[in-house]
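Next up, some structures in structure tokens.
Both of the next two complexes hold chain A, though its partner changes from chain B to chain C.
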Partner chain A sequence: MSAVAANMPETAVPSTTRAIAPSKGGRPWTFYVLAALFTLYVIALYGPMFCIYILSFQDIRGGLVFPMKGHSLHWFVDLFTQVRTGDVKGSFDRSIKLAVIVTVITVVVSFLAGLGFRKRFRGDTFVFYMMIGSLVAPGLVLGLGTGLLFQALGLNASWYSSALGAQLSWTLPFGVLVMFAVMSRFNHVWEEAAYDLGASRWQSIRLVMIPVLAPGLVAVALFGFTLSYDEFARSLQTAGSLNTLPLEIWSMTLNVTSPSLYALGTVTTIVSFVVIGASLGSIVLIQKKRGSSAKG
Partner chain B sequence: MKKDRGDIELAGVCKSFDGITNVVDGVNLKIADGAYCCFIGPSGCGKTTILRMIAGHEDPTAGEIVIGGQNVVGLAPVQRRTAMMFQSYALFPHLTVRENIAFALRVRGQSKTDRLRAADAMIEKVRLTQFADRLPAQLSGGQQQRVALARAAITEPRVLLLDEPLSALDEQLRVQMRQELRRMQQELGITFVHVTHTQLEAIALADLVVVMEQGKIKQAGAARDVYAHPHDRYVAEFMGGQNVLSGRVEKVNGASFTLAQAAPSGIEVPLQARANVSVGDKVDIAVRRDDVALVRPGRDLPPGCTTSLPSRVLAIEYQGYFVKVMLDTVPDDEFVAYVPEKTFFADPFTVGDVVMATWATGSALPLA
Partner chain C sequence: MRSAGAGLRRCDKNDFEAFADMQPSSSPAQTSPRANLAGWLYVSPLVLVLAPFFVAPILVVLAASFFATDGFGGLTPGFTLASYVEVLHSALTLKLYLATIKFTVLTWVFTLIIGFFVAYFLVFHVRNQLLAIGLFLLCTVPFWTSNIIRMISWIPLLGKEGLINQALLGVGVIHQPLEVLLFSDLAVVIAYVHQLTIFMIVPIFNSMARIDKKLIEAAIDAGARRFDIMRLIVVPMSKSGIALGTIFVVSIVMGDFFVVKVMSGGGSASVVSAFYEDVGVLQYPTAAASAVLLTLVLVAIVSLILRTVDIRQEITR
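Coming up: the complex of A and B.
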């Protein structure tokens, strides 16, 4: 506050009615600086993406740069019909399937890890740091290693085996970390109360823990899905002969010189937003059904 | 339904969490069937651990817990036919009042119509009918407590265990819910074991008050016994309402002994239970604060009073029907007189006044 006061223009009048930081009406100058900074940040974040989205709606004469030439959905049609653009549909299918598998495994394992870490056990810190280690490990190297390992074992690398494993090395620790945050808000007396009322272990998990933790589990699922859906580095050396979507887009940037590349960007973004929207929507729905949020 | 006995017996119960110190240290206690028992003590005295061991949430390291003639150590709460009401109620946040109360029946596999009918009957008993479809977060503290009570009582337990049930409520509600607990206990006719750290709560509710310190029972008895006849200094100070003085026995004469004190003539104390004091013993005595009368120096003592201790008034607090006068009578301990309002204002003292603190000789109580 003192820095703010020092930079205020001197009013000369020794009036005490004039506050240093006005409480009503005007805002301190720092507000405008920070607001401007935030606006710049938002432009830098979304500007490039909007360029892509806008350019994907050009007509058949369209090129890779501004200015915009006409408007149509030509390149979207082109994307899914032309073979020369690559196997967009196939890679999209694979990516979605892979993301769903990753999501399911991440949610289940993270939930179980959350249960496991409720109480301290011997070596829990070691297990925890091992897990964090796989978050810190460079993805490209990890992917490379996974590819090499599969080769050494004489296994074929493919999106549903080696790439799945490589992606899980990334989504699992993330999911578990989110789960820890979620679990920290779970009051373990609820479990005790369930036991007191005669619930079995399984009943207490099914009737109390899962419903109470549902919003958190949706968040874990969302993380799993989005991290897998646009995972590149770990998939690069592990996906085998069939590409996932990010790999396909990357290879397209090397040889496709039409706005169908941009159309693909628009489509994948829409899918991402639908997934995020559905997840957040379901969380809001759960919370709403539950009234004002649960007492801690 | 045939009502099973809910009398509890603790025999040599010990609990240690680290294998070194006993949180509960050799507790023996009998609680009669249908009694309202309050465990009271400062935090960390082991009272909650005892409750949790009776409930089946904790196993004793040693000793037996017998409910209705059956040793229940190692049994699950359901098999013990006990139910616990948790400190913050632990209502399931995602379930409505009705679903919360029906939970125990649900996990027992009762059909939906049966269990909801039973829940509705219980909801009516705790007067929550209009809130049946609300979620716990939409209820006030008092309503939440009633839900917790109903949820615990629906399985018709023979013992209900309450862990500081009133601590989450504000003062006014606490008094109100206190009565409600007592009413429910009488209505259900089962044994209640209630843990608290509030003396008023314990003596207002309990048939049996159990005062604890460091894992041991200091005194167990009827509320009036424990309050008016504390066993030792700890109980006297913890239950409150008593002045505790200590000194050496100066002489023993028949039915009383004299305690050397600041007073010129010493303090005369009736012997009562402590028959075996001898000259030179260090003894604590208790005098109820409302038994202390204050007399201006030079005036006659009221009849029956032989001891008078000169004191200076340190502070005065008006408490409504009485006035709390704090005195410097004894050097290290608090000494307080509760003077009836009318008596006090007939001749009010001010801070700094010198008064004689006196009491009827028979009302002094030697402590163990």
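Coming up: the complex of A and C.
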């Protein structure tokens, strides 16, 4: 998804053909209508989120709706100190650890699968549809199946075993689909050149493919991390006795009616934004470095 | 200079693709044993994860749907269709499916309309490529944040004392706060559209970006009106993106339970939220039977959509 956009500058169409007919010369009236629609969409997309970030900074009198009642960090302190709000710190730790493990596995497995799917092989369609099935299957049903499976095998469900697997069944299809988009923009000539120069298969992967595909791999990592970190439906029946952060948020939406809930929303969104920013930033950095070394 | 370089590189790639197209297309049947082995080696880690965590759980649910229960979460292996009979005979099932279909159709219509025009705007109206990518990323960022948080973020807006009611009261349009805004079917659809429009924008954006702008110029030169261009060029050529987006939106809405549960305030239920309640009271076989039926319905819908588009071709192209 984003990989497509991230990789665009590399294969970008020269800007002259980009200026297309409907918007050549003066702007047609449709431009203004669609620009208004787009603006409204973005406001509706971000507006509500910013409301809860703002409301999480109220003081002790704060409620769930506007107007703002004072300014303080009370609800953030409350979040990490009160027993009433559950084990936020522990679940936060677990979610981060789990997301890191999921990210590493997702990048490696998706990259390999991306390599495999470049050429047709017997049974490739089967594997492909298995992956699509894993993507569209209702998460809660899969989670229950995994939970029952562990129960039947006499294994304990926990965040690092059953929930890890359940989350991978969700992040891997995304990762491989992003790899497809990334690979389709990879120029096979470079790989051929590496072979012509006597590179082994492993050398061509390590010295040619991985550096060239680095921005795409960062995008896969971004998907792996954020999809795992926010995953809920598949973890619900598989996380065992210790909650991950989204499960903690879920139980809070059912019991807690204070701005603590919003404070947790602010904290978890900050983590997401840091990860998104770091990923997109490193993609831009890689592209820039490439641009300057190509000039020099 | 730079654009010339980009043009050259692009040209090379096209040539290579044209060359590849000239090769006899290698269907799986013609692949060598060596290529088969290499392919399977590369995808084996993927298969090793999906087999125990996708195939096996589905089979477990399928098996559980045929088991009997003691009513306390214990399952007795066996083969009985009792759960299916119970699910299919219950009037509740029909109601749940109707509610689920209602949510799915409404969400699909709104996400499609918004997603299509947002993508159209970004591809055809934003002239600066960098700006287009920037705006596209602006749309995708919330996708990488928590769905639950984005859902509850509607509470301060839609609530009885929320911003929208305050504004409407202030203007004097209404004299009593509207109660249908939050904890209603309307809130459920709003939350779905809020979360899922991105799943329409991305694939439609991708297929639209591949439309050759010369086609549209040619159409204009030939005297086509804006509406004709939309109807005869843009819509047919973004069909695959629409199909992909539809698969995402339909499968997520039909498989969802927490938006329905929270945003309807318990007033509405869908097939999966009923499943969730069944699991909560340890009614595993009934829940499993209902899940199997839902999965069949989903598979039918997805394969109908897949008939219109080869999504693998679409993604790898």
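Observations, loosely collected:
Heads up, the rule we're going with is that the second predicted complex is superposed on the first by the 265 of 296 C-alpha atoms of A that agree within 3 Å, B and C clash if a C-alpha of one lies under 4 Å from a C-alpha of the other, contacts with A are read in each partner's own complex, and residues count from 1 in each chain.
Quick note on the criterion: a residue touches a chain if its C-beta (ideal position, glycine included) is under 8 Å from a C-beta of that chain, and two chains touch if they have at least 3 such contacts.
Note that this is a predicted model, so its numbers are computed, not measured.
Superimposing the complexes on chain A yields a three-chain arrangement in which chain B and chain C fit side by side. In the superposition on chain A, no contact is made by A:155 with either chain B or chain C.
In the superposed model, A:104 makes contact with neither chain B nor chain C. In the superposed model, A:189 makes contact with both chain B and chain C. Look at A:60: by the touch rule set out above, it reaches neither chain B nor chain C.
Of the two partner chains placed by the overlay, neither chain B nor chain C lies in contact with A:274.
Residue contacts after overlaying the shared chain place A:77 against neither chain B nor chain C.
In the superposed pair of complexes, A:198 makes contact with chain B only, with no contact to chain C.
Of the two partner chains, neither chain B nor chain C is touched by A:285. Residue by residue along chain A, chain B and chain C are tallied for touches, and C comes out ahead.
Taken over all C-alpha pairs, chain B and chain C come no nearer than 6 Å in the superposed arrangement. In the superposition on chain A, chain A positions 187, 189 are in contact with chain B in one complex as well as with chain C in the other.
Remark: chain C residues 3-4, 6-7, 9-10, 12-13, 16, 26-29, 31, 35-36, 38-43, 45-47, 49-50, 52-61, 64, 114, 117-118, 120-122, 124-125, 127, 129-130, 133, 135-150, 152-157, 159, 161-163, 166, 194, 197, 202, 206, 213-214, 216-217, 220, 226, 229, 247-248, 251, 254-258, 262, 272, 275-276, 279, 284, 287-288, 291, 294-295, 298, 302, 311-312, 315-317 touch chain A in the complex.
Against chain A, in their complex, chain B makes its touches with residues 55-57, 76-78, 83-84, 86-88, 90-94, 103-104, 106-108, 134-138, 151-152, 155. Residues 187, 189-190, 192-200, 203, 207-208, 211-212, 290-295 of chain A are the ones touching chain B in the complex. Of all residues in chain A, only 1-2, 4-5, 8-9, 11-23, 27-28, 30-31, 34-35, 37-38, 41-42, 44-49, 51-52, 55, 64-66, 105, 108-110, 112-113, 115-117, 119-125, 127-128, 130-146, 148-149, 152, 165-166, 168-169, 172, 176-177, 180-181, 183-184, 187-189, 222-223, 226, 229-230, 232-233, 237, 246, 249-250, 253, 261-262, 264-265, 268-269, 272-273, 275-276, 280 touch chain C in the complex they form.
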